[in-house]
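The block underneath contains the structure these notes are about, expressed in structure tokens.
So that you can tell them apart, the chains are marked A, B, C, D, E and F in the order they are listed, and the count of residues begins at 1 in each.
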Amino acid sequence: MVRGPFIPRNWMGACETFEEADWVLVGLPYDGTTSFRPGTRFGPEAIRGASWGLETYSPLQDADLDGTPYFDAGELEFPLGNRDAILTMIRENARDVVQAGKRWLGLGGEHLVTFPVIEAYVEKYPDLAILHFDAHADLRDDYLGEKLSHATVLRRCVDLVGADSLVQLGIRSGPQEEFAWMRKNGTLLETREDLPKALARLEGRPVFLTIDLDVLDPSIMSGTGTPEPGGMSFSTFVEWLMEFRHLNFVGADVVELSPHYDPSGVSTVVAAKVVREVMLLGRKQNQQTAQAAKAAAGTTA
Amino acid sequence: MVRGPFIPRNWMGACETFEEADWVLVGLPYDGTTSFRPGTRFGPEAIRGASWGLETYSPLQDADLDGTPYFDAGELEFPLGNRDAILTMIRENARDVVQAGKRWLGLGGEHLVTFPVIEAYVEKYPDLAILHFDAHADLRDDYLGEKLSHATVLRRCVDLVGADSLVQLGIRSGPQEEFAWMRKNGTLLETREDLPKALARLEGRPVFLTIDLDVLDPSIMSGTGTPEPGGMSFSTFVEWLMEFRHLNFVGADVVELSPHYDPSGVSTVVAAKVVREVMLLGRKQNQQTAQAAKAAAGTTA
Amino acid sequence: MVRGPFIPRNWMGACETFEEADWVLVGLPYDGTTSFRPGTRFGPEAIRGASWGLETYSPLQDADLDGTPYFDAGELEFPLGNRDAILTMIRENARDVVQAGKRWLGLGGEHLVTFPVIEAYVEKYPDLAILHFDAHADLRDDYLGEKLSHATVLRRCVDLVGADSLVQLGIRSGPQEEFAWMRKNGTLLETREDLPKALARLEGRPVFLTIDLDVLDPSIMSGTGTPEPGGMSFSTFVEWLMEFRHLNFVGADVVELSPHYDPSGVSTVVAAKVVREVMLLGRKQNQQTAQAAKAAAGTTA
Amino acid sequence: MVRGPFIPRNWMGACETFEEADWVLVGLPYDGTTSFRPGTRFGPEAIRGASWGLETYSPLQDADLDGTPYFDAGELEFPLGNRDAILTMIRENARDVVQAGKRWLGLGGEHLVTFPVIEAYVEKYPDLAILHFDAHADLRDDYLGEKLSHATVLRRCVDLVGADSLVQLGIRSGPQEEFAWMRKNGTLLETREDLPKALARLEGRPVFLTIDLDVLDPSIMSGTGTPEPGGMSFSTFVEWLMEFRHLNFVGADVVELSPHYDPSGVSTVVAAKVVREVMLLGRKQNQQTAQAAKAAAGTTA
Amino acid sequence: MVRGPFIPRNWMGACETFEEADWVLVGLPYDGTTSFRPGTRFGPEAIRGASWGLETYSPLQDADLDGTPYFDAGELEFPLGNRDAILTMIRENARDVVQAGKRWLGLGGEHLVTFPVIEAYVEKYPDLAILHFDAHADLRDDYLGEKLSHATVLRRCVDLVGADSLVQLGIRSGPQEEFAWMRKNGTLLETREDLPKALARLEGRPVFLTIDLDVLDPSIMSGTGTPEPGGMSFSTFVEWLMEFRHLNFVGADVVELSPHYDPSGVSTVVAAKVVREVMLLGRKQNQQTAQAAKAAAGTTA
Amino acid sequence: MVRGPFIPRNWMGACETFEEADWVLVGLPYDGTTSFRPGTRFGPEAIRGASWGLETYSPLQDADLDGTPYFDAGELEFPLGNRDAILTMIRENARDVVQAGKRWLGLGGEHLVTFPVIEAYVEKYPDLAILHFDAHADLRDDYLGEKLSHATVLRRCVDLVGADSLVQLGIRSGPQEEFAWMRKNGTLLETREDLPKALARLEGRPVFLTIDLDVLDPSIMSGTGTPEPGGMSFSTFVEWLMEFRHLNFVGADVVELSPHYDPSGVSTVVAAKVVREVMLLGRKQNQQTAQAAKAAAGTTA
């Protein structure tokens, strides 16, 4: 043997075994239906690398990953170009995680990777609700004649959970029909006044959190396939996330990082920090410091 | 023949003929008087390419390009390095458009390309007013002894329309004299309280809208020659634009994109989206959805 | 109308109509089976743009595009992610071109786009031979269980034309089996001594020329999905090409440019120059200048 | 001789001699203890280059560099890799500046370069206070066993001036212990309500201003070693800075620009503009234009 | 558990255990004495990632990694900035490998990482010789007063093995004194006529092969700290390497990849391919294909 | 004063005064007639920065800058966009240098900057000859109707010195007419057999050496406006240069570096090394090492 010490290859701070984990991180390097700029296949590996620049402590939530065991399962190795086999493979792995009573944390890859996970979740949680951050509604019924693509993925999820189990934030681009659909079905959380209604959809139910990183403004997330100006700053995003932190999140994913398009590496750092904040959701907050955390989130920044 | 189908080479959604158009897009690949970083000559082609990633529908304005016929005339082919011949060529083409009762939409190129267009416009509209978004006032009387350059262009336009026909937003860099001039002439719209006064200058008159993209913060518009920190976010820019949407815009241009300086491509996407919003100004808004549109512009983002 | 003049959007110097053309350029923006770095979908548009920096005259061949009519048909608009429909669309368009007695010049896109074109060619030319420049043999019988991919494309072509109708240059990477196959079937032109044997396979027959740009060394062609060091310099490539210039080329393609990976833009310029040289193959050389051209190709460079 | 004119190599507008200067700019190209992405050694030269794109007039402060003599001393030439000798060299140069009654303006380089300067300052100003903008507290007592590094630099400064002489803004990343320390010692200015308390620490005392540029959001400052999303926009940063402009600043530094990580060059422009604003702090404001300046800082942007 | 399959995180094709290995790959992410452009700390991880794009078969050597067991030990985790402790850690790990009868394959990092490995090797092989590919001689006796740096590393190795145990290729930059030293000591292999003399130094002895990747021309290896034009092409490098393939290589390293400086990723691919060729040195060649392999190395390329 | 030591801002190793100099380096940041990609205005400053990574010793020529006094005059500050005033300013500065008996070494900037220098030279040296390395002949009589541009510059020089005073190497792109002109006038050195005839034109006369860096292959010089594949490697370029080293060079320039297009920085390093080799031309070679130098130029590389 060689004595080392060696730099671990897992996520910074990940636990040793699947069994002890609460969250299970699974890389999903798939970008097969991407219509504009491909490259989200490189997302999971990039995020893992950037995890080593993170602190385990989040001043935003005044909580520390140290008390949150998570396992880094690695990246799935997909049969190239075979969309249906890939979706099956994701569904089966997600089922392993869900049935073991753990929380899935998928790292995309394009947004289509969310659908087979929802399939696995509704088997266990028939009353699943979905909290969806995105620039695009992804609600087309089909896209260029195709039922399964990044542009239809939330519509397919709605087929499984129903439109009244969906809450969407940040949507700012799409055809007129999608906006009409969202208004008709009340899925779009548009202003802070809509928050109580949105929470009413989600509270008391198992919630899956799906974050398309292009919900963030391209000033901070240029490394994505279809950047949409007018998005949330990182601080605004976190403030919204905090409004939901008391919910019962049973799984999550963070998708659409395309790291090569941001040569500064900032997008990848942002993605890694989003993952950290997601894993800390629901952690009990240190009461005496709650005020300071709130301040850090919203005041000098 | 070959059967295709082929990807069109025009702007996404452009109409077939000049005759049916309301707006006429003209590329103006000129950067001959640029003092810092050249490259706006590559702007028009980049914007056209990015147009294909846009939706035709703007949730911000709840309006759709489908009802706004616009013709993509292409990029003018300039005699290299001959500034005066280039300005003449622009003026003559602008006159064609204006005299045909259509609206010019110039795609720069550096800001100097606005001047010959204003010359063509005042021939038809002697009472023309100008709404100007920019980081720089461009009001020098001369620049290094030169009367016609990107740094003097608005001053030359003022020579034609008068200082009281000008409204300027976003100006945040320049010599002390330019700020003094703006204050003396009341051209600078500084706070929301100044809005009524600014609108009073513009309402009831034909208005030309000239947008130097560096009015945006370099966080979202790094692809420009002289980035100036402290600019508007995309959302703030759009909010300001909406304050003027009821005006009678008879022409416009969007200038100073230098796409090579932003390897992420975000600046080009932003520029294309700005062009879309400009073409939708004045479109009648779908009343039942006006509230949602307002929310989209200002709340979750 | 606007008077212009406008910069043409076709390939530099292309003729006006399909009918008058000898070569027909067709863009094939497909990268669906790419295993490593995607992005060849951006190749055709990039090459067209770079064509405007080319001279029409090639000192290497002492020949000028002025006497070579070629038509720029544009880029096919593919149904996203549907490989089989895409291949069908290419085959049908290629058939149009071949049956009209013209020469196809496909601009990739990944190498799989060659296969449907060969299908169209063998219908008209049952004795078709193929001259293949590439870093990779692309001769796998299947790849990850898949019969149709960038890694199997030449094997599929061999199914149509037979192994003794194939000549390959530049191959320098692949599994041991592919090298064994090439040696067994005598397809690999390894040294200049092999040239007569290779020419014997091709002379007197209709020849299709397929150039995977990664045959060039990544020093000059970094903008490709799977760069392989140890390739040809541009000069060496052209020298090899000249050995075959007397052949009867009935069609060609130039594939695997992935322009975003080369921020200097050099790879795209190289690709455009390769296309120019291909279109000039077989043009009658100006006798009095032949010596100078030969010198230019091989001496001071 | 050659007649020129030649472009000066100093900072734009710098005065000719040390003697006439108020501020003395010193480049400190050191990044020896950087743990993540190195490259701040290239910072000082980049900032000097960008200075030539600046105006001398700041509309934010309605003040002009013309009345602020500053001398560009150049970049120190460090003995490579010898941290202790480097710190000594900085301390001695800083002592020269301080003892001559001038104001040091260090251009980093990593943050460790602040410590020897503070050593030189406390010799002359035993009651020195420190105003600290940063994303990271830099308050570890040691880092990987090391007492002197970029992660401990403010703690070492506190050893010299005491915790109650420190005010910190923008801190948003670090281990839980650092946040506890800041709360215990009251160094962290979290909300605007804390401002009076912070000012009470600083008013009436000589103040050293140290700005780690990663206090800015990576959307505007991607060119830094450890980008931290959730930071200040440029406008917010300047607003905070203005709250302190009446203080008695006896020296300053601007550190942690790593220009190669931002290929757009925006980070470097931002850094140069920060330096300009720092040099203008305390300049008497032109009364008649104070209102316009305030508007420019906070309203349309 | 989750079922996978997962993408391995080791080098492509690495064996499972240290015990079964012939070569042991160890990442050495150190760039502490780099004088020009830092960043080789990112080299080892980049090379591992690129290994997945390689074939296991080398047509150049007609040999396959399948019969060459190698273990990927990972990257050493260094105490930041403490050069001496880092060198000790490398020496101890190298000693583990050498004493276990295995071959060390270090992945740099800067060239200084070679020295402690040579210390470990001479303990076991007192008659060790060194074959050195580099653009720079690295033979200074000290550099800025420092005995241990990237610029002195081969001189320190010579202190251990003697000048007549060193053979150097590709050296093309340095002060006049280094060239004088090399000529006096006969270490520099300048022309093919010198080859017999160089081989005489190495044959029959245990040889350590150290490759500074900047021996390659920057056209193919731009991702390095001090690029030196006029270097070897990849093909020339491999041809030289083949002249030594019959030697008894007991260890090797490949250093000075700085991947961020080559945004095309080509340098990293080249580095990975160099590592593959090094591991195949001395593998018995398939006789019937030897001729083809020779041709592939030197003819069409 | 501050004690320093400070990094000099001149070229590495430059002498203190104009009077003691042999060569005088003058930066010429002009790119006003560039037709494709602008940016050579950034060339001179980039080369000066890269000079600090050079050794003063050239093994290629076995000569050292230590015995070659050269003065770094700085960069001329041009009146923006006024081509004729710029050319006048260059001519006057060149006249200062020439009349003082010193050698001009212009650093471009675009190639047009050579013309006014030749004007100044022919005043003093009526029998001036020109040695011209370039990818393009630059021999058009006019370009888009313009007599003075980068595409006509050598033709304008020929107007002054006559066609039989010109020798050109590396030309590989241009319209048919330029190649015909070169053949008619015997200016193009095509093969090594033409060398005696070329030398006969130059020997015994004062020679001005003008090097357009695009004579180099874009693999090593991607940072230029119009990259032309098929150029010289750095080694081949130097070999050609050595054939002329005995000539009486009275001045030189090195033009067309556009550094932003090569993010790896290699092009800039190459340009700086070319400048070093030019300044060493004609230095007396150390006889005992001449053989080694020759080997270094042509054998292992």
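Structure notes:
Going forward, a residue touches a chain if its C-beta (ideal position, glycine included) is under 8 Å from a C-beta of that chain, and two chains touch if they have at least 3 such contacts.
What you are looking at is a predicted structure, and each value in this text was computed from that prediction instead of being measured.
Of all residue numbers used where chain E meets chain F, under half belong to both copies. The two sides are thus made of different residues.
When chain centres are set by their Cα atoms, the one at the greatest distance from chain E is B.
Farthest chain from chain C, judged by C-alpha centroids: D. Rounded to whole angstrom, the centroid-to-centroid distance between chain D and chain F, based on C-alpha atoms, equals 42 Å. Work out the mean CA point of chain B and of chain D, and you get 37 Å between them.
Separating the CA-averaged centres of chain A and chain F is a span of 56 Å. Shared interface positions of chain B, defined as residues touching 2 or more other chains, are 217, 219-220, 263. Chain pairs recorded as touching, per the definition above, are A-B, A-C, A-D, A-E, B-C, B-D, B-F, C-E, C-F, D-E, D-F, E-F. Touching chain C in their complex are the following residues of chain E: 53, 55-57, 59-60, 62, 64, 217, 219-220, 233-235, 238, 263-266, 269-270, 273, 289, 292, 295-297, 299-301. Only residues 1-7, 9, 18, 24, 26-27, 29, 45, 49, 73-77, 92-93, 96-97, 263 of chain C touch chain B when the two sit together in their complex.
Across the complex, chain E is touched by residues 36-37, 169-176, 179, 183, 188-192, 217-220, 222-223, 226-232, 236, 240, 261-263 of chain C.
The part of chain E that touches chain D in the complex is made up of residues 31-33, 35, 38-39, 41, 79-83, 143-146, 149, 260.
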